[in-house]
Amino acid sequence: MSIDTAPKQSWWNRIAHPGQFVAWTRPLLWPLTALTAVLFVVGLWFAFFASPEDYQMGDTVRIMYVHVPNAWLSQFVYGIMAVSALGTLVWRHPLADVSMKAAAPLGALFTALALFTGALWGRPTWGTFWEWDGRMTSTLVLLFIYLGIVALWRAFDDQLRAARIIAVFTLVGAINIPIIKFSVDWWSTLHQPASVFRADGPRMPGSILTPLMVMFVAFTLLFLTLHLKAMHTEIKRRRVVTLQRKAAQGASS
Amino acid sequence: MNAFAAMLGRELRLALRGGGDVLTLVLFFVIVGAIVPFAVGPDKALLERIAPGIVWIAAFLAMLLGLDRLFRPDYEDGTLTLLRHADLPLSAAIAAKVIAHWLVSAVPLILASPVLTVLLAMEGDAFWRTVLSLLLGTPALAAFGAIGAAVTVSIRRGGLIAPILIAPLSIPVLIFGVGAITATQSSAALLFLAALSLMAAALAPFAAALAISSAED
Amino acid sequence: MIDLGPHAVFIIWAYLGVALGVAGLIGWTLIDARNTAKKLAALEASRSAK
Amino acid sequence: MTDRQVFPPLALRAEGLACGRGGMALSRDLTFSVEPGQCMLLRGPNGTGKTTLLLTLAGIVSPLEGSFALQGSDDDSPMLHYCGHRNAVKPRLSVRENLEFWRSMNGPTGIAADAALAEVGLGKLRDLDAGYLSAGQTRRLALARLLVSLRPLWLLDEPTAALDAAGHELVSKLIDRHLGVGGLAIAATHDPITLPGPGRLHTLLLGAEA
Amino acid sequence: MNAFAAMLGRELRLALRGGGDVLTLVLFFVIVGAIVPFAVGPDKALLERIAPGIVWIAAFLAMLLGLDRLFRPDYEDGTLTLLRHADLPLSAAIAAKVIAHWLVSAVPLILASPVLTVLLAMEGDAFWRTVLSLLLGTPALAAFGAIGAAVTVSIRRGGLIAPILIAPLSIPVLIFGVGAITATQSSAALLFLAALSLMAAALAPFAAALAISSAED
Amino acid sequence: MTDRQVFPPLALRAEGLACGRGGMALSRDLTFSVEPGQCMLLRGPNGTGKTTLLLTLAGIVSPLEGSFALQGSDDDSPMLHYCGHRNAVKPRLSVRENLEFWRSMNGPTGIAADAALAEVGLGKLRDLDAGYLSAGQTRRLALARLLVSLRPLWLLDEPTAALDAAGHELVSKLIDRHLGVGGLAIAATHDPITLPGPGRLHTLLLGAEA
């Protein structure tokens, strides 16, 4: 039995050291922000002025340009969290903790927006805000998982310790999400007549695909920018906590 | 193996001496089932239709209820700290705890399920399918529950978070469990349930041990 | 602005909701960043003052 | 002087160890070694990190810097008993059941449970519900755990807490005997502990700059 | 009065700092409501029909869940013992705790109830009746819950007994609560709810104080 | 010698008191009296009923036989502070918030919370989450509660538990001062407690037939 804390030096350790990380990623923030903003302007212009209405859905197809990117992000962000969780558990890297924590509220919001836009889309097309359809339902469950993770982060007061524990839960969730998706599909197809409208992607004409793609990239960049910023903040927050405790301790001795 | 048996024995003893905790869970299960007719009104056809769902929800909630007792008392009196230095690996000790948890919280429910089937006007055939589906599905609930309890044990006021972590994870169990009672493809659902339970039971001790050993004292 | 057809309300609400959500997120991220940076600066100042 | 060597010759060495809570160091740059047959006392005012150091050595809190190792052990089986502020005694199980449980969990390599209970003065209470024990009796039960499974390293956090005068002697006797068979002990305490024989006890003072 | 405010303030502070306990309860409420469709199947007409029952059961369970935190932590760390010698009478202290419990566990549920009404396909009118019935009925649930929790804490052994003590007491609340949402005589049911809540709230502090002060340490 | 009489002249008298747990007597036929300015130490081996006697005097366990009374008090307001094994300290509230709460609950008749914290040596930690306090610091916080509300009778169960040497002195000082203003104290302890001045301390030995 022996425990050693000597840090292992490598290029990766150097650039991924939290302080270093903030230093070399900070210059990226502004370009990213600018790019995101430009893409949003272009995307919105396409969405409202340069794309036709769908022959079937009419103008409501324009909801797609915000719905689909958010729906995609809801899954992508969980992927980021799961990879970060692996980083926390396997390499015990502080940066992975930070990334995991910063991503959770973002993912929750994108998921909530996917649900919101989906519900608003459902009303004109299906005549109801909510339908217990497989995809919608599994997105709802995903939102619950996100909110659970956010609640967990808030409940721990020692964030270092929290990271490893939450990583375990995130990974368990990652294993379970495909199962949930599958079971929900099985469930709603079993109980429900196949009345659900299905929009198959490939059928889309280019005039719809272009704005979709632009918005898609714009939202993804938005996430990356916010994630980076939130990670910086989180790194600073940890430093604040350490300093505060030091102050309390320094005062006591 | 001896240590495993000791752990199992201790858990069972504590539960059975625990001033009727087991009885309480069963009563809770029955009461949730019995309250539903009050809430939805005494319409027989309706009741029979939603009966499988209610049995499973009652079982799920009853198992949630006992969950806070799985690790918290041991965490608070220092037992979990000591278990890290026991000869028995922590994951094995947790496996014993999960098995005991299933024995004292799920098995009594299964035994009590006839009461619910009567209250909810289910017919004989559905009753047997209910028992079978509970038998195959509750291990998964216990396993997911253990993961949730382990993740939240070191939060000082964390007892409330466990249920919301567990509920989304348990949805497949509910869906297949209910499916196994009602559907015509009952056997497919049963198979899935069994697979889920196996997978969850295999995963849970390790995940829970990982979570617990990353909790500082 | 183009004509959004009979379901304009839903489209407008969808975009408005997303805009609000995203704006809120951005705002919250920035405010959080600002507050944390301020706290950090104050603490570091008080440390070097000692 | 070790009269009967039970354990392999182990030694606990720490080099430049810094321990703390929540990323904040409480004690820094600790270098010490504990040899077989030796006991190290941790002393220091309240809140100076005695408990934290013990938890670090037990592998529960991770050290901030430096390293420590139990040298001479070849296998990976658990080598230490930790006896903390909390007693890990379960109400609803009898005193003996409590002890038997830990004997099975930690390996029945020490003396029998009944003998251990007699040793710590709980022989008569063995069938009582452990939840009814008084503070000192509970502490004695926690100490009995050290006897039913043999482990070379004892980490004791205020072992004499809540004990009466006889209890203080008991703790000294138990440590003495443990050292006698080649064991190691580290004890954090505010009470005086004395052992017969020279050179077996040394003190690490935490927190005080004096 | 000052001491009463101190007690209330402490309870609220503990709850709000408690790492989002409030958020957790709300989530639990929504999740229980959302889980029912998984169990009974995604049939809209059916869901709408049982929706009032589900809302009330979810509320009941969410309030049950927070109940163990009402007295147990204070019992275990010795606070309850000391409260017996406080200047403020024990029953007043308990009244403050019950009020705080209602504020942090019932009010958020009421605020979150719109989400459930959407998920369960209730129409606009029923929604307002839901809010009103929850507002009038939850104080009774909180009060009965406090009695149950006090009795449980004083028998020391049965952590889980509270729910079954409370369930029978709470059944009338549930019945009238559901009645207030669905029935045509909604206003009569609302009146009963209000009466029940008043009575329970007046009784609970004294009953709970009696139970706690007869508990040995 | 009472330099400043704050309390009405009270006296605690017990006559043929028998206390026990679960219907079983632990101590029998106790007759004693504690006068203003006096402290009674309860001593005896573990498990002989010191805690039980204190709980009886606090009115939490009912006596099996005999009677006791605090004579000289005319109103019904609470007259005593009980300080037991458990500290009634809440994590998540800061140290000061914990103390302020008890000050409001028990009546702000004593010194201010900050002054009391400084008195017990926690002045600098006042904004720390009380859950982070070490064992001894938590005990000090429990002792501070005695200072923020004036009550004539103190029932202390192992007040020095987990305290360092300075803490032991602190306890003696607090008791001394309390007696000085006409208070009464009963303390169960295994540690030596000494007070300046003769006749202020007497000892009740429990359990031992010697």
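When the chains are written out, they are named A, B, C, D, E and F in that same order, and each has its own residue count from 1.
Just so we're on the same page, a contact is a pair of C-beta atoms (placed from the backbone, for glycine too) under 8 Å apart; a residue touches a chain by one contact, two chains touch by 3 or more.
The structure presented is a predicted model; accordingly, all values stated were derived computationally and were not measured.
Under the contact definition stated at the top, the chains bordering both chain B and chain D are A, F. The greatest centre-to-centre distance from chain A, using averaged C-alpha positions, is reached by F. The rotation relating chain D to chain F, fitted on Cα atoms, amounts to 180°, rounded to the nearest 5.
Centre-to-centre, using mean CA coordinates, chain E is 38 Å away from chain F.
Remark: chain D and chain E have CA centroids separated by 46 Å (rounded to whole angstrom). Chain centres here are Cα averages; for chain C and chain F they lie 54 Å apart.
Counting partner chains per residue, chain E shows two or more touched chains at residues 14, 18-20, 24, 27, 31, 38, 41, 73, 157. Contacts with at least two other chains are made by residues 85, 92 of chain F.
Residues of chain E touching chain A in their complex: 18-20, 23-24, 27, 31, 34, 37-38, 41-44, 118-119, 121.
Residues of chain E touching chain F in their complex: 2-3, 5-7, 10, 13-14, 17-18, 73, 76-79, 81-88, 93, 216-217. Chain B meets chain F in the complex at residues 156-157.
Of all the residues in chain A, the ones that touch chain D in their complex are 1-6, 158, 160, 238, 241-242, 245-246, 249, 252-253. Partner chain B is touched in their complex by these residues of chain A: 89, 141, 144-145, 147-148, 151-152, 155-156, 158, 161, 164-166, 168-169, 171-173, 175-176, 179-180, 182-184, 186-187, 190.
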